[in-house]
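Each in structure tokens, the structures are laid out below.
Here subunit A shows up in two complexes: once beside subunit B, once beside subunit C.
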Partner chain A sequence: MIWLIFAFGVWGLGWWVNTRLAAAPRTRVTGLVVPLIFGITLIAIWEGVVRGLEISPVLLPAPSMIAARFVASTDILWEDFVQTVIKGALSGYVLGCGSAFLVAILVDRYDFLRQGLLPVGNFVAALPVIGMAPILVMWFGFDWQSKAAVVVVMVFFPMLVNTVQGLADSSAMQRDLMRTYAAGYWATLLKLRLPAAMPFIFNGLKIASTLALIGAIVAEFFGSPIRGMGFRISTSVGQLALDLVWAEIVVAAVVGSAFYGIVALVERAVTFWHPSQRHS
Partner chain B sequence: MIVEQLKDATEFHRVEPVISAKNLDLTFQTNDGPVHALKDVSLQIGKGEFVSFIGPSGCGKTTFLRCMADLEHPTSGEITVNGVSPEEARKARSYGYVFQAAGLYPWRTIGGNIRLPLEIMGYSKHDQAERVARVLELVELAGFEKKYPWQLSGGMQQRASIARALAFDADILLMDEPFGALDEIVRDHLNEQLLSLWARTEKTIAFVTHSIPEAVYLSTKIVVMSPRPGRITDVIESPLPKERPLDIRDTPEFLEVAHRVREGLRAGHLDD
Partner chain C sequence: MRQSVLPVLTVVAGIFVIWYLASIWLNAAWAYDKATRSGEELGVVALVADTWSQEKPKLPAPHQVGVEIWDTTIEKKITSKRSLIYHSWITLSATLLGFALGTGLGIALAVGIVYNRTMDMSVMPWVIASQTIPILAIAPMIIVVLNAVGISGLLPKAMISMYLSFFPVVVGMVKGLRSPDAMQLDQMRTWNASPSQTFWRLRLPSSMPYLFTSLKIGMAASLVGAIVGELPTGAVAGLGARLLAGSYYGQTIQIWSALIMAAALAAALVAIIGLLQRVTLRRMGMA
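And now, the complex of A and B:
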């Protein structure tokens, strides 16, 4: 009972503080503090309700239990992180986005590719990853290579479409200008069309960053060596070790946010000139 | 006197003109049927002239300019720039083109934008820096080299785009309503600057506008055009001296030329 009262108390307190902060003029500090208080309140209520109602840890472990497991299993979590994120997701991301970028330049240059490849790409993109993953595991083996392949399939098309669209984004006047300089294909590509495409390219990179992690984790459900985040999640559920599952989810959430954040930071540095990024 | 000589040149082809169009026709195929943008357009522009093209929208003045720049291709007729076809002239980088909007690349600084044609044309780094400094001085933008276009006013952006067209060695300047989007005060100032720039650089300038005072103030020759089909209705040799302070616009000579331009424009509309 005391835990339930604690939960409601924290709820009330968090609510009161945040409404007062949100009503005040927005500053850098409140911009950080408000979501922080929101998150802490949510975790405290979770803790209180789980303990107060004595919910089985199999259904929902308390945050403190997840934290304890996290600290106790850092070696396992690190091993899984390296296997899934670094080897599977990141290599697939680099390979998939890189090849999509190069193909986009070809598609943009040759119209028959645009007409032939883009519809096929659309078709491939519509294939569910759940269906593709077992086949790719069969082709590329249990280790990270097959996970990277799944990631490549998932990120390739969004990156391709965005880059192709970006390359077509320069205005008629800008292209006319390059024509008056008698600029060739490469000069026009490097000095006008690629810079103009950057906002689109980064849009593709951001979409791909979230897809990469999903792909790498889900692919491990269909066979993997005895490490990896997806492997750990599926086997720990079988062992009713839900605290470890949640610890892996925490890692995935943090990694996913950090990945997205890094891409967004690079975007801000590269496309500082775009109206959506200007601060002066 | 000079005007007389130019007329001789036009009629007897004794001197090779900078731009020469003969019986130019251009028809655009659109969804609403063919549009006759240019019909039987003939014109000669001599070296060092400042020629304005004026007329209502749809009269083909911009299309004509784009034909000179090899951005449009006439359906029939002949046009030469510097004695060769527009395509060869474009590939020889013999003209600078100024568009209606400044069209500066937002990811490049003002200096970077002016360097753009120089990089493409393969000028040395040292030469690039020297030229950027010189043309920025010419359009009174010295000190703005490291600013980005979006940090400048519309008038300053347009001046930067003129500097960009002046940076390389082209002796022809094609300008398509460069000051159309600017307010009157900025426009007056830029017109004055453009005249002094023309006097200093001795370039041949073709200038599209829809402002009568602007055309009369700037030009040695005014070409009046009218729409449907786009054609030349009058060519006026300006009697105004080369030295032109802004208040020349209140003199009787100026008003007389302006009147003739207005009459020409009206005549073009009679058959509507």
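And now, the complex of A and C:
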């Protein structure tokens, strides 16, 4: 009962503080603190409700339990992280995005190809590509190569479509200007069209960053060696060791956010000239 | 639109050609293996014929998948457990339920975010952060836990679909509800419009183009959610279960037919929303 009151108390307090802060003029500090308080409040309510209602840890472990388990099994988590993220997701991400980028430049040279490939690519990007996972696991075996292949297939089309669209983004006037400078195809590509395409390319890279992690983890449900995040999640669910599952989820969430954040930071550095990046 | 028909057809034809060639290449090993065991010499024609008609090929040829789809949709009774239509319906119902829940939640959150500063500042960053979590990875746990609580069947799968589809709706609707510019909002004020009138007459109508774009993304995402949600239920029913069962027993043709069916379903659902979008926007005089 005390824990329930605690949960409600924290809720009220967090809400009150946030309302006060939100009413104040917006600064960089409040922009960071307000969501932080919201998140801490959520975790505190979770802890309070789980303890207050005595929910079985088989259903929903308390955050403190998850944290304890996380600290206790860092070696397992690290092994899974290397297997899934470094070997599976990252290699697939680099391969998939790189090849999509090259294909996009190739496609862009031929108008006919572009007109044909863009609708098809858009169509494929909307399909449940993740369903290819069992087939690719069958082709490339259980180890990380098949996970990388799934990631390649998943990120290829979103990246392709975005890059092709980006390369078409420079206006006719700008291209005419390059022609008056007597710039050839490559000079125009490097000096004008690629820089102009950067916002689109980074949009594709961002979408691909979340897809890569999902692809690598889900592909492990269809068969994997005895390590990896997807493997650990599916077996630990079977053993009702939900605290370990949640620890893996924490890792996945942190990795996913960090991955996205890094891409966003690089974007800010590269496309500093774009209106969406200008902050007053 | 019309001038892109020929290029699209060319690309699609190219994909089919590559598919057929790849199935020769990938299945050749097995065909040679079989031939040496029975002591036969394989000619080019015999090789091609064999690679396109194996029972469990590494990559089935398109016509094999086509025959399998025909067999399991038209030839079978809909109620039969081997009918692909039956499995598609299971997946579709979870998708639609999750999509409806996700759209509702997304619009409600977006209205809250636009009208409440506290919500804007505290919820919006978490909405974005929530999508960097690979939710599909924890789908099995959600299903198992909800099963343990006594919720089973359609709802757990729909929850996953909901989680995946609410995000594009929130982002699109927030953008859409904020799209009227200061001039239009001032105009409403000169007419002495109440906040609810501003919402119904100005903000909601001007958010429609954004809404439909997000609905398309959300629909595709919720189908993926429903399919992945079916994996851990032990391959009972649904397109995801067909995929899993196919991968257990090496039935590649079954996997491919489920995959093509899922693709067709996604395309049909997105096309329906596209149609609704065109009709709605035309009646509103926006397209």
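The definition used in the following text is that the second predicted complex is superposed on the first by the 262 of 280 C-alpha atoms of A that agree within 3 Å, B and C clash if a C-alpha of one lies under 4 Å from a C-alpha of the other, contacts with A are read in each partner's own complex, and residues count from 1 in each chain.
Rule of thumb we're sticking to: a contact is a pair of C-beta atoms (placed from the backbone, for glycine too) under 8 Å apart; a residue touches a chain by one contact, two chains touch by 3 or more.
This structure is a prediction, so every number in the text was calculated from the model and none was measured.
Student: Put subunit B and subunit C onto subunit A via the superposition and say whether they clash or fit.
Tutor: Here subunit B and subunit C can both sit on subunit A without a clash.
Student: Taking the C-alpha centre of subunit A as the vertex, compute the angle to the C-alpha centres of subunit B and subunit C, in steps of 10 degrees.
Tutor: 90
Student: Touching A:H274, do we find subunit B (first), subunit C (second), both, or neither?
Tutor: first
Student: Does the superposition put A:A183 against subunit B (first), subunit C (second), both, or neither?
Tutor: Only subunit B is touched by A:A183; subunit C is not.
Student: Which of the two partners, first being subunit B and second being subunit C, lies in contact with A:I5: first, second, both, or neither?
Tutor: neither
Student: Considering only touches as defined above, state whether A:W139 meets subunit B (first), subunit C (second), both or neither.
Tutor: second
Student: Applying the touch criterion given at the start, work out whether A:A253 contacts subunit B, subunit C, both or neither, answering first, second, both or neither.
Tutor: Touch partner of A:A253: subunit C, not subunit B.
Student: Output check: A:L53 vs subunit B and subunit C. Expected answer is one of first, second, both, neither. What do you get?
Tutor: In the superposition, A:L53 contacts neither subunit B nor subunit C.
Student: Of the two partner chains, subunit B (first) and subunit C (second), which one does A:L192 touch, if any: first, second, both, or neither?
Tutor: So A:L192 only meets subunit B here.
Student: Hey, is it subunit B or subunit C that touches more of subunit A?
Tutor: C
Student: Please indicate which partner A:L265 is in contact with in the superposed arrangement: first for subunit B, second for subunit C, both, or neither.
Tutor: neither
Student: Looking at the superposed set of three chains, what is the minimum CA distance between subunit B and subunit C in Å?
Tutor: Distance of closest C-alpha approach: 15 Å.
Student: Could you list which residues of subunit A make contact with subunit B in one structure and with subunit C in the other?
Tutor: none
Student: For the complex, give me every residue of subunit A touching subunit C.
Tutor: It comes out as residues 15, 18-19, 21-23, 26, 30-31, 34-35, 37-39, 58-60, 112-117, 119-120, 123, 126-128, 130-132, 134-135, 137-139, 210, 213-214, 217-218, 221-223, 229-230, 233-234, 237, 242, 245, 248-249, 252-253, 256-257, 259-260.
Student: Inside the complex, what are the residues of subunit A that reach subunit B?
Tutor: 171, 173-174, 176-183, 187, 191-192, 195-196, 198, 271, 273-275, 278, 280
Student: Once bound in the complex, which stretches of subunit C touch subunit A?
Tutor: Subunit C reaches subunit A through residues 3-4, 6-12, 15, 26, 58, 117-118, 120-126, 129, 131-134, 136-138, 140-141, 144-145, 148-149, 216-217, 220, 223-224, 227-228, 231-232, 239-240, 243-244, 246-247, 250, 252, 255-256, 258-259, 262-263, 266-267, 270.
Student: In their shared complex, at which residues does subunit B touch subunit A?
Tutor: 69-71, 90-93, 95-97, 99-101, 103, 105-107, 116-117, 119-121, 148, 150-151
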